[in-house]
Amino acid sequence: MSGVVTIGETMALLGAPNVGPLQHEHSLDLSHGGAESNVAVALARLGTEVTWIGKVGADPLGELIVRELRAEGVRVEAVRDSEAPTSLMIKEHRTGSGTQVYYYRRGNAGGRLRSDEIDLALVRGATLLHVTGISPALSETMRQTIFDAVTAASEAGVPISMDLNYRSKLWTREEAAAEYARLLPHIDIVFAGDDEAAIVVGEADDPLELAHRLIAAGAKHAVIKLGEHGAVAVIDGAEHRRDAVPVNPVDTVGAGDAFVGAFLAERLNGEDVATCLTTAVTAGALACLVRGDWQGSPRRSELGLLGGGDPVSR
Amino acid sequence: MSGVVTIGETMALLGAPNVGPLQHEHSLDLSHGGAESNVAVALARLGTEVTWIGKVGADPLGELIVRELRAEGVRVEAVRDSEAPTSLMIKEHRTGSGTQVYYYRRGNAGGRLRSDEIDLALVRGATLLHVTGISPALSETMRQTIFDAVTAASEAGVPISMDLNYRSKLWTREEAAAEYARLLPHIDIVFAGDDEAAIVVGEADDPLELAHRLIAAGAKHAVIKLGEHGAVAVIDGAEHRRDAVPVNPVDTVGAGDAFVGAFLAERLNGEDVATCLTTAVTAGALACLVRGDWQGSPRRSELGLLGGGDPVSR
Amino acid sequence: MSGVVTIGETMALLGAPNVGPLQHEHSLDLSHGGAESNVAVALARLGTEVTWIGKVGADPLGELIVRELRAEGVRVEAVRDSEAPTSLMIKEHRTGSGTQVYYYRRGNAGGRLRSDEIDLALVRGATLLHVTGISPALSETMRQTIFDAVTAASEAGVPISMDLNYRSKLWTREEAAAEYARLLPHIDIVFAGDDEAAIVVGEADDPLELAHRLIAAGAKHAVIKLGEHGAVAVIDGAEHRRDAVPVNPVDTVGAGDAFVGAFLAERLNGEDVATCLTTAVTAGALACLVRGDWQGSPRRSELGLLGGGDPVSR
Amino acid sequence: MSGVVTIGETMALLGAPNVGPLQHEHSLDLSHGGAESNVAVALARLGTEVTWIGKVGADPLGELIVRELRAEGVRVEAVRDSEAPTSLMIKEHRTGSGTQVYYYRRGNAGGRLRSDEIDLALVRGATLLHVTGISPALSETMRQTIFDAVTAASEAGVPISMDLNYRSKLWTREEAAAEYARLLPHIDIVFAGDDEAAIVVGEADDPLELAHRLIAAGAKHAVIKLGEHGAVAVIDGAEHRRDAVPVNPVDTVGAGDAFVGAFLAERLNGEDVATCLTTAVTAGALACLVRGDWQGSPRRSELGLLGGGDPVSR
Amino acid sequence: MSGVVTIGETMALLGAPNVGPLQHEHSLDLSHGGAESNVAVALARLGTEVTWIGKVGADPLGELIVRELRAEGVRVEAVRDSEAPTSLMIKEHRTGSGTQVYYYRRGNAGGRLRSDEIDLALVRGATLLHVTGISPALSETMRQTIFDAVTAASEAGVPISMDLNYRSKLWTREEAAAEYARLLPHIDIVFAGDDEAAIVVGEADDPLELAHRLIAAGAKHAVIKLGEHGAVAVIDGAEHRRDAVPVNPVDTVGAGDAFVGAFLAERLNGEDVATCLTTAVTAGALACLVRGDWQGSPRRSELGLLGGGDPVSR
Amino acid sequence: MSGVVTIGETMALLGAPNVGPLQHEHSLDLSHGGAESNVAVALARLGTEVTWIGKVGADPLGELIVRELRAEGVRVEAVRDSEAPTSLMIKEHRTGSGTQVYYYRRGNAGGRLRSDEIDLALVRGATLLHVTGISPALSETMRQTIFDAVTAASEAGVPISMDLNYRSKLWTREEAAAEYARLLPHIDIVFAGDDEAAIVVGEADDPLELAHRLIAAGAKHAVIKLGEHGAVAVIDGAEHRRDAVPVNPVDTVGAGDAFVGAFLAERLNGEDVATCLTTAVTAGALACLVRGDWQGSPRRSELGLLGGGDPVSR
């Protein structure tokens, strides 16, 4: 039994420790990130069994990714690429409120994962398969890999969740729309920001309208993430709205992944939609309070942290 | 002449440098803290002669405590414990607004100070003895030591101040209430937060009511600390209210100790209650602006720092 | 062709990395600063050719200043002083909102630059000469050097800009007023804070009134910098007002230099006053968002950074 | 199938980053260590399946230990202690060549592991059980736990290895000797330093003589570790001597654990004694070249690193 | 007049701050390196005018390279690549004596410099053109660019120096040999390690024999670098041998570049071969004493540093 | 009773954390140093009561010096200078084996200490007065201050020790020789390096000859420090030779001060010359093993650290 299975690219992350032009830095903080593995960490921290499948270089950054995901209790199925290095990204914070990401992923290991390198039995035996819209944008190879996994899951009756996760540095909105449209009919729950949903179903004033249109496009359920405005969802046809938990964010990258992981963890536990959304917006808020793409994701015992009380526990 | 004398446990303090789960840290900042020695630093910085009496291990962390307190001009009477290590605490900042303290004090040096290890002549020759409600919670030994010192001071006519400083990780509210009640009749000035006062005299809407009840319980004067809402006091029967100095706090731990030290320094200088409170709320505010339990306590020349003017002095 | 020429003292800068009493620091951050070279960096980043003339010690801190200014694309004409060390300043942030600067400049290299050590042909061939009111306050030598440069520029028909930049640790308001009055008749554009303008022309309610009075005192045009309230200017007799770009500043030191550099860059490009002011307030705002006296000054491609849009670019 | 199983205490490790009196440090490096888990890391890195069983506090340091061991591919069976904190140790390097360790382990979680908290089926299903002479010195509880595990393994025919690992801060040589004598008859392979072996079998000039005596005391095979002088072994009655691989050590703590892990990994792979010793002394040498108790342990691909060749690979 | 001109790839360099597996690092030190720009720094520090031509990404790492080379007084002619990021390399120090370099250069900016992006007039007006054997290994584009520059210099009578600098991660010995053979007839002075010379002219016991063979292969003069064994040269047919200056190296990467820059600086100054070699081995030794690929290169005033005398100057 | 009294300048010390050109550093380590206060620390650590008298600025660096000396148990009599800043020095380690010190002391506080600012009663009541040859080189003021103190001690029958401590950046050998000659007749024990002794008594092959000549020049006893060659002494006319304790030094600055403090501590304890020398060379060796001018000085319990035994104590 492989629990939730997710497939995607995880990159080493070199982040500027200070605000300002990156060329003034003397060292960069070393970590890792990737939408799919961030979701995996979020799931594992909430007690859900989860497997991440991906490809890394046969180098120390690949080893770093493997050991850090294992540290979080994620089962890691990492293919080692002896011909291309581990993908990496560099993060600059030119001003306190903006982040610029520079990628070294073209031709590198993360996007070279082939279907035949994956044990599809893991996918067929999963409780859920989670994919994102980043993978098909990386390379033809990866697009095929994801499609094969989705097909295998579909055929095995394994439900599939997908986060659209549009990345403008990887492809155009038109390219993305076509691929999203191809995948949506296979998807059980689709997650998207309102701007991302619009890529495939067009703009709309009410985010619930976007959710309905994503369902019309083939998904069974749809959740629209709205940042500091919370989220809306259409699940089994019923509409849900949920406010965000108000916080002073220090790093919003990864909030969506914490949200998705938390939503899925609760849903796989059989919780109702209200509980799924409550845990999801709490996880998203907590993720915003810590630097890093996944470090702030809550353990179950930490879900109550934002509830007030004496700020010093001693 | 030993000036003010204070007795208590001071611990090494290992603090997480970043916000987030402490298990992601690669180093911890090393410092020290203890309610009584924090008050001693606050007094010394304002020019009051002060002696700290306590017990530390025969190890580098004990040496660190001794040398840092001496650096601040505090006279240090430290007993070295060759059988137990220096107590320590670890501070995690899981979110930007909350702090969790983990203690390594059970059985360690700080709580093993015996009466017969103290030179009670220092206590009898003091201008004031300052104790807190933490010491009696540490161990039977320490409870007796504090009681003996309080008795010695009482008999010698030395005034005694006490800060209730309730610590829920050390004892229950009931245990604390009994001990507070035993000590209050010996106390000249008692300091307490409103929640702490309630432990021994019950809840009340108006903090001045709490002060009056503490006096009814045996103390001669009472000061209630109210965090960002300032403080109230009943001194010689007269009521006083004072607003806080508005600031953006970065670390509120130790604000109360700075407040108490400043209040006592002014009072021992013969200043009126208004001046005592002004200096106390100023010291409390300044303490909130610097990381650490005592580092932000003001020197006399720094009391005017919050008064506006050009923020850059050059 | 030497582009803009500026003459002044640049110092090594040792800054406390944390908020609090500097005596608790274990290391100080090493950088450099100086009003004139800060302006030079601001000009160079916006694409204006610029030369900085100054004197440094024959020591590593002098080398640091030279290499960092060269790094920014500033042409450096540095005289090496074999008899006095590079000037330096130490910055303490006792509270989060205040900065105290301690100088080691008396008798040191920066203020020992003699006229005969400068190639005045560079000044005569400049598109503009920029000076500040700091230099004449440093030493008799430097006062003469600046006066000789101003005279040379005047005679050669080179326009001169000046920032009053009053420094209370160097001279009294009366001394400053006399020197400003001596220089103003040679100045094309004068820049000043409202408090600084008042030193030489007296207090006024409306900053535009101050600008008019500076013109009456001899300058051709005048710009009054007003911090978070923006700036006003009287250029060719016409009045201009400009709001600041709202930001959460982390370090306001150097905002004025970024503003001045940006204003001059646009003016030398032949832009109209509105554009000069727009770029200037944008540069001033961006300078406030990064620690350091010049590090936050914008490159041309960065002028749009505060305009909103997705905070994460990926 | 649980692979090798090892049981013991792992502590958080706070190490001074510099040489000198620890009281001058401003931060301590955070890591973890424990003889048994160090051996587990050494085994896992060489590709042997291994499970570590131990007890940690319900606190971030406990979480750190769990996640770092998992990161290394060790299967972790950690009992969480809600009543005592994770054990910790502090390391000072007073001079470049000496290390002083200060423990906070008395009464803490690591020594409170009870037999009934362990799944003895894991032990019975192991390919090998590895224990050390540290555990019985920690507490009566732990002594019983180890004895029960050893008994269970014995009965199930699981071979047992033991490293004497004498710790003078925990018990006397006499106490240790008695316990070693009680355990040795159950042991398949015993590892010891020559000084440690002498505790139980008396001094001898030739370390091989010590090995023979350990066998006489009940063990089936014996390996004597000799630091920079390598190691000797008596296996199946045959004597073996092996020189160390010459290196410039930077931290010798943990060399023995790397040696033991490597020896066991090869032996469980069915390699001959010569290969076991070659890999063991190579692993011991590599462990000496990196700071930390286990970080330098080699992966299989790194065993050739000390063989010469171009020092820069590019 | 452009002084010495050199063309090549410079990369951002992210180096592990500690010895050990890189996956345990939490930050990487940020700097830059490239054989040609290292030589340029060595030349500039010794007072020789020098221009570096290369291609970097339109990103902060490209800006870092440009500003750091400018800081050193190198004239920088950098083409900005808007389609590929700045090349980078990662350095791991698995053991204290070995370094492993991981490259992110395939397809990145540094190897995409086209002939038509270079101002060949700079090459034709140079006092010397310096190239290395790395460039032709990077890409077909770069091979052509170097060939065109070499041809232009040849035709203009500009002498050309070349360092073979074999990189096994970029091409095979056979590929390299063919390209070296094509270039050698154009070369005035060739520099090579003995192992590198052997690639094109075969093994030989005496390095002077290698030098003679390189001359037979087309170069006019040849210098063989021998690491801690110094260097030999055949200049104008005459043989020279020079011992190294004995030092305890901390980082030998870049020693050869410091050697080459120093040799060329002296030769362009018209010094005799003995002086060229003396300065070269001194520069090589000094480069070994400082971490980084170029930071240890000496200024002229520092050439005497290894000559003994009181180690503390005060 | 003031114990040993010493008078001199103590400076803030900003040291480069790495080997290499200081202009590449991004921060400097902050500490303090001064020959006289280094000796005071050495004395205090060995249990001798000691008072340091000096002048510092009314600034944070002055405060740092005061608090760090107090931390070490030195009684501090510091005059605050409101007109000049605390002296400072900057340390560069251009190569691993050399240190360059840059001073900011001319005109600064340390050299402005006047006789009338000192309580000469402290000097007259001392067990010993310790001075160095640095003070008279700082300024006329300081030369007079030292002379007045020496005279006062002489008259009161207080023995005086002096370390010649020649500083070539402050005065010439001839100036120094004259001042040394003036002071020697007042000195009980003079300490000097062999090169320093030669300044006043001329070169000699045997250091014992230098000691005899210093005695002929007026001192009662003389000790010659010989770095890694140990020391010789002529005490009460008897000759003594002592080898150094062999170590791998990491920072030899301050070794002499540790030696002097240790020698004096033992002598004031009434120990014989052999013991004085044993403790002195041990202290000197230990001082070499830690970075910093005084941090490595031993406490009494640490004198045995170099005696061998298990390098790990646990």
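General remarks:
Which chain is which? They are A, B, C, D, E and F, in the order written, and residues in each are numbered from 1.
By definition in this document, a contact is a pair of C-beta atoms (placed from the backbone, for glycine too) under 8 Å apart; a residue touches a chain by one contact, two chains touch by 3 or more.
Bear in mind that the values here come from a model prediction, so they are computed numbers and not experimental data.
Common neighbours of subunit E and subunit F under the contact definition above: C, D.
Residue-numbered contact pairs of D-E overlap by over half with those of E-F, the repeat interface among E-F, A-D or B-D. A count of contacting C-beta pairs for C-F and for B-C identifies C-F as the more extensively joined pair. Its C-alpha atoms superposed on subunit B, subunit A is turned by 120 degrees; the angle is given in steps of 5. As a whole-number value, the distance joining the C-alpha centres of subunit C and subunit E reads 40 Å. Centroids of subunit A and subunit F (each the mean of its C-alpha atoms) stand 63 Å apart. Here the CA centre of subunit D is 47 Å from the CA centre of subunit F.
A separation of 44 Å divides the Cα centre of subunit A from that of subunit E. Looking at subunit E, residues 21, 26, 67, 103 sit in touch with two or more other chains. Contact topology of the protein chains: irregular, matching none of line, ring, star or complete. The list of touching chain pairs reads A-B, A-C, A-D, A-E, B-C, B-D, B-F, C-E, C-F, D-E, D-F, E-F. Against subunit B, in their complex, subunit C makes its touches with residues 18-21, 24, 89, 94-101, 103, 167-169, 252-253.
Of all residues in subunit C, only 14, 17, 21-23, 25-30, 59-61, 63-64, 67, 85, 88, 90, 92, 102-104, 106-108 touch subunit F in the complex they form.
Subunit B contributes residues 248, 250, 286, 289-292, 295-296, 302, 305-306, 311-314 to its touches with subunit C in the complex. Within the complex, the subunit B residues that touch subunit F are 67-68, 70-73.
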